[in-house]
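The next part holds the structures, each set out as structure tokens.
Each of the two complexes below includes subunit A, the first together with subunit B, the second together with subunit C.
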Partner chain A sequence: MSEQELLQWVRGPAFEAASVIFVIGVLVRLLQTVLLGRSKDLSEARGSEVIGGLRTIFTRSVKHNFQLSTFNLYTMVAGYIFHIGFFVVLLLYAPHILVIDQVMGVSWPSLPTTVVDAVTVVTIVSLLAILVHRLKHPVLRFLSRFQDYFVWVVTILPLITGYLAFHRIGASPPTLIAIHILSVELLMVVFPFTKLIHAFTLFMARYYNGAFAGRRGVES
Partner chain B sequence: MANDQSIGEALRARGISRRGFLKFCAATASMMALPPSMVPGIARALEQARRPSVIWLSFQECTGCTESLTRSHSPTVEGLIFDTISLDYHHTLQAASGSAAEAARVTAMKENWGKYLLVVDGSVPVGNPGFSTIAGVSNMDMLLETAAGAAAIISVGSCAAFGGIPYAKPNPTGALPVSAFLSEYGKRIPNTFGADESGQTDPVDVTGKTVINVSGCPPIPVVITGVLAHFLTFDKLPELDDLGRPLAFYGKSIHDRCYRRPFYDKGLFANSFDDEGAKKGWCLYKLGCKGPTTYNACATTKWNGGTSFPIQSGHPCLGCSQPDFWDGGGFYNSLSTPTEKIARAAVFAAGAAAAVGVALGAANRAKQAHAAKQHEKVTINDLDKGT
Partner chain C sequence: MSASLQRGLNAFREAINAPVATFFNSCVHCGMCAQACHFYTETGDPRYTPIHKLEPLRRVWKQEYTFWGRYAKAFGLSKPITDAELEEWETLVYDSCTLCGRCSMVCPVGNDITYMIRRMREGMAASGHAPEGLVGATRRAITTGSPMGVKLPALQAQIRDVEQETGLKIPVDVNGADYMLLLSSMEIMNFPEFIGAVARIFDRTGVSWTISSAAFEATNSGIQIGVSDLAAELVQRVVSAAEHLQVKNVISPECGHAYMAIRWEGPNLVGKAFNFKVVHILELLDDLRKQGRLKVSSKELQKLTYHDPCQISRRGGVVQQPRNLLDMVAQNFVEMPDTGTMNWCCGAGGGVSTNERADELRMKAFKRKQTQLNAIQPDALVSACSNCRIQLEEGLEVNGMDIPVLSLTETIAAHLADD
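So, the complex of A and B:
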């Protein structure tokens, strides 16, 4: 298989298969969760479920019972840098917007490539810091399972391969692009079936907790 | 012009001044990224070089490479330098025809065995030798017998270098690039023309022979003459990249040398060929420009005597100097975008997912209901029973 054939396969059938698995996986998991339902609460409501739910979505995105400790600070700073960095690279790099435009027909302005390049490096460094933290902290290490390390690898791969493809380091450009797209496809396939699904379930979970507390008229 | 005339003599006979000649040498040196101190050396070597015999074979090609080369001729010195090699065989440019033309090739090979330069444009069809023949000789046979005695082989154009259009899917003629063809078929070539006085005619193995790829559809004329000048000056091949192309010309990508690069870096793109961005000369990446993945000298040497190059005239780079550029999924699609209709597949997937999700949800609910039904209340009496 020539590098061009590899790239064609990666851009074509492989991307299609990964997209189908991603969509089916995410939807099935979300539907399963939602359709499970909740048993009827017979108690008298002391507050609004909706307001409580929405409030918790917001408050937990900002702060929640935040107690300043080295552990919390490290998790919060590295976590925020990684997540924001990841979304900046994913959504504000011109070639990525081009892919989104072609698949969904929507587009928006991009950031200068030098900025995206710098953000990529910062994001990779923050992910490395997160791994070091996980390995060094005795409790975190004790709690970590194979999946925790696996999703870390699957998440950092597109960033590293993308950086190499942008700077054309190590192989010919079509091969580098093919490897980069493959790493993204791996992420898409793994996504619904691992804890990465939190990107979708996160707000559902927060709403659930908030609504539960809201009905009882307590803070969450 | 006699074959034993040196290039210096030939140039003087054509009225080229010493200054003009040195200017050419300086330009060649800078193109090949050589230090200025090399200029006198190049001049000396070129002046004294005997005009080497060059045999140019054209196989499955469109003559665009020759057209490109002839555009560099009058009145540039590069053209004259090319004129001052002894081009002993070239379908399009030679005056002779028929058996006289073929005789010229045979004579050149016999007289210069082991010393002539072989230039090839076009790919070689191996699906059937009859697909492309010259004077009744198949391209396969002609290339093998000519390659056997060549001092160096230069594949001019993307067809000879990487297969080009004939090699594009579905490759109906079984076309092969020159390098791939020689390494597959060049093991034991009968030495028909290189017999020495002792009559020694051992078969020749050309599988390990370096082929210089001067790719492009067509290649830049000055790159072809530059490679020839390098060979004449140093009597060895220039430094090549991993695709066999001279690094001096193919060492940098179009993207890295593009004058529109600042627009790419700023995120300013033309979205169609006639929008505001296109009129302002912004980056053509979104229109499918292959500049980031293409290595060639277009952005620096340009075309038509340094007038312009495709991106400058408002068209994205097609990536014509890269292997398999015809099979890259469309000239106007970026190399990083999907080739299938992903949205359609996703909608079907969502439909399937909804059905599966609802079915699984119903099954879960049933399980839940069943569990609830099976649930028996435990009273204090039940607990007592155990004791």
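So, the complex of A and C:
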């Protein structure tokens, strides 16, 4: 397979397959979860479940209930930087917007490539910091299983391969692009079957949590 | 597989509903729940990380409710849950969790971990892995009506004493009263002053009330151990008594888990909405204050702080009422750091105080309360849960801290205005 053939395969059939697995996988997993249902709460409500649920979906991203211990501060700062950085790179880099436009027919303005480049570096550093934390802190080391490290690798790969492709380091541009797209496809395929699914389910989790509290008249 | 393990696994399956599955899906192992749990912060033992306490339940979810998990199980690739494992987890699920709900407030993805532990206990109890102390308490609650074995004659004796001391008649089995008061055994045996305080306040404020001789116990060990059938039977006794006496309201006393049991879990356990209202004593007192019926003639002058019982405040929603009441009765009220819905648990709720095996551990967990109190150095500590009160008194004594623990209801009664 030539370099160009590889790139075409990665952009074509491989991308389609990864997309199908991603979409169907996520849908199946969400349905499997929601369809388990929950029984109606018969206690007399003091407050609104819906308002409480919607409020917690929002507030858990912007306000914290926890005390600012070193651990929490580290987790929070690294977590914010990683998540914001990842979405900036994914959604505000011009070539990415072009792909999204081709697939879904929607587009929006991009950030200058130099900015995206810098954000990529910061995001990679934040992921390294997150890994160091996981390896060093007794609680995180204790909780971590193979999947936690595997998902970390799958998440950092698109950032690193994207950075290398942009700076044309280590191989010819088509090969670098092909490797970058492959790493994204790996992320998409792994996504529905690992904790990466939290990107979708966390909104449901926060809703349930906030609704439970809201019914009791508590802001969670 | 033993029959009891099979029963336990069936109960685990039933415990997994949409919220539980969502929470397991969402956990990213960030470890922040550990920081919110005093069993971790005061011991530094990672095993006390709240989400870890759910590991066997998570495995059942993974093996039976996820696509790949089912295949892995079918091909023998996943580790089945064993009795030995559940035995190991028994101490994590019962001894090192008070169902206080702090972890549920901090989880960044929004997992209600406490809700999961409550449901997991159903499977632990069904598989025969519940602490002896709780098994005994539940058995006594079912057979004698009280987890401490307090029977009607004991209550009647306390009532006679209280009547003598206060000169007031304690109404028992009065048909059509507005309010039916429940009591915890702890109050009946250790703090009968509470009954006198309520009698004086209700006499002064003109509240029509009664105690039922058929159902006076407020606590529900069935919930703490995680046996919904028995919990429902205990709730039903209260429901039947309230319906029999045709009362409009049932008052949950100064006991956190009792409030959770009757106010929030009760209707769900018996499967129908109540035809009476359930109020916490602090809610009622604050209502009386708002109506101008509850007044004090003097104030407590010493520096007071308030310990929020978890099930009354964080998990129950009665947060502002005690503060309104303290504003009325206290000259110098100071909040602890981390208060209200983020208060630290005393260390003995959720059945931990009934479980002797956990005695040493709950005293370690108390250390967090000690830190909170050291930060503000109060003269006295007010609370509204007799279970918290026993734990707080013990913890303070063990740690050589000379801080009396007061009941909020009793504090108000001591300062009641004459008219």
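For the reader, a short list of remarks on this structure follows.
Methods note: the second predicted complex is superposed on the first by the 220 of 220 C-alpha atoms of A that agree within 3 Å, B and C clash if a C-alpha of one lies under 4 Å from a C-alpha of the other, contacts with A are read in each partner's own complex, and residues count from 1 in each chain.
As a working rule, a contact is a pair of C-beta atoms (placed from the backbone, for glycine too) under 8 Å apart; a residue touches a chain by one contact, two chains touch by 3 or more.
This one's a predicted model, so the numbers in the text were calculated from it and none came from an experiment.
By the document's definition of touching, of the two partners only subunit B reaches A:102; subunit C does not.
Legend: residue contacts after superposition of the two complexes on their common chain; A:37 is shown touching both subunit B and subunit C.
By the touch criterion defined above, A:132 lies against neither subunit B nor subunit C after alignment on the C-alpha atoms of chain A. Look at A:177: by the touch rule set out above, it reaches subunit B but stays clear of subunit C.
In the overlay built on the shared chain, the residue A:91 is in contact with neither subunit B nor subunit C.
Residue contacts after overlaying the shared chain place A:121 against neither subunit B nor subunit C. Of the two partner chains placed around the shared chain by superposition, subunit C is the only one that A:142 touches, whereas subunit B remains out of contact.
By the touch criterion stated above, A:5 is placed in contact with subunit B alone, subunit C being left untouched. Taken together, the two structures place residues 28, 32, 34-37 of subunit A in contact with subunit B in one case and with subunit C in the other. Residue ranges of subunit B in contact with subunit A, taken from their complex: 242, 253, 264-267, 269, 285-286, 292-293, 322-325, 327-329, 334-340, 342-343, 345-346, 348-350, 352-354, 356-358, 360-362, 364-365, 368. Contact residues on subunit A toward subunit B in their complex (touch as defined above): 2-5, 7-8, 11-13, 15-16, 19-20, 23-28, 30-32, 34-37, 94-95, 98-99, 102-105, 109-114, 168, 172-174, 177, 181.
Interface residues of subunit A, counted against subunit C in their complex, comprise 28-29, 32-39, 41-44, 46-47, 56-57, 60, 64-67, 69, 71-72, 75, 79, 137-145, 148, 193, 195, 197-198, 201-202, 204-210, 212, 216-220.
Contact residues of subunit C toward subunit A in the complex are 16-23, 25-32, 34-36, 40, 44, 46-47, 49, 51-52, 65-68, 104-112, 115, 263-268, 271-274, 277-278, 313-317, 319, 338, 341-342.
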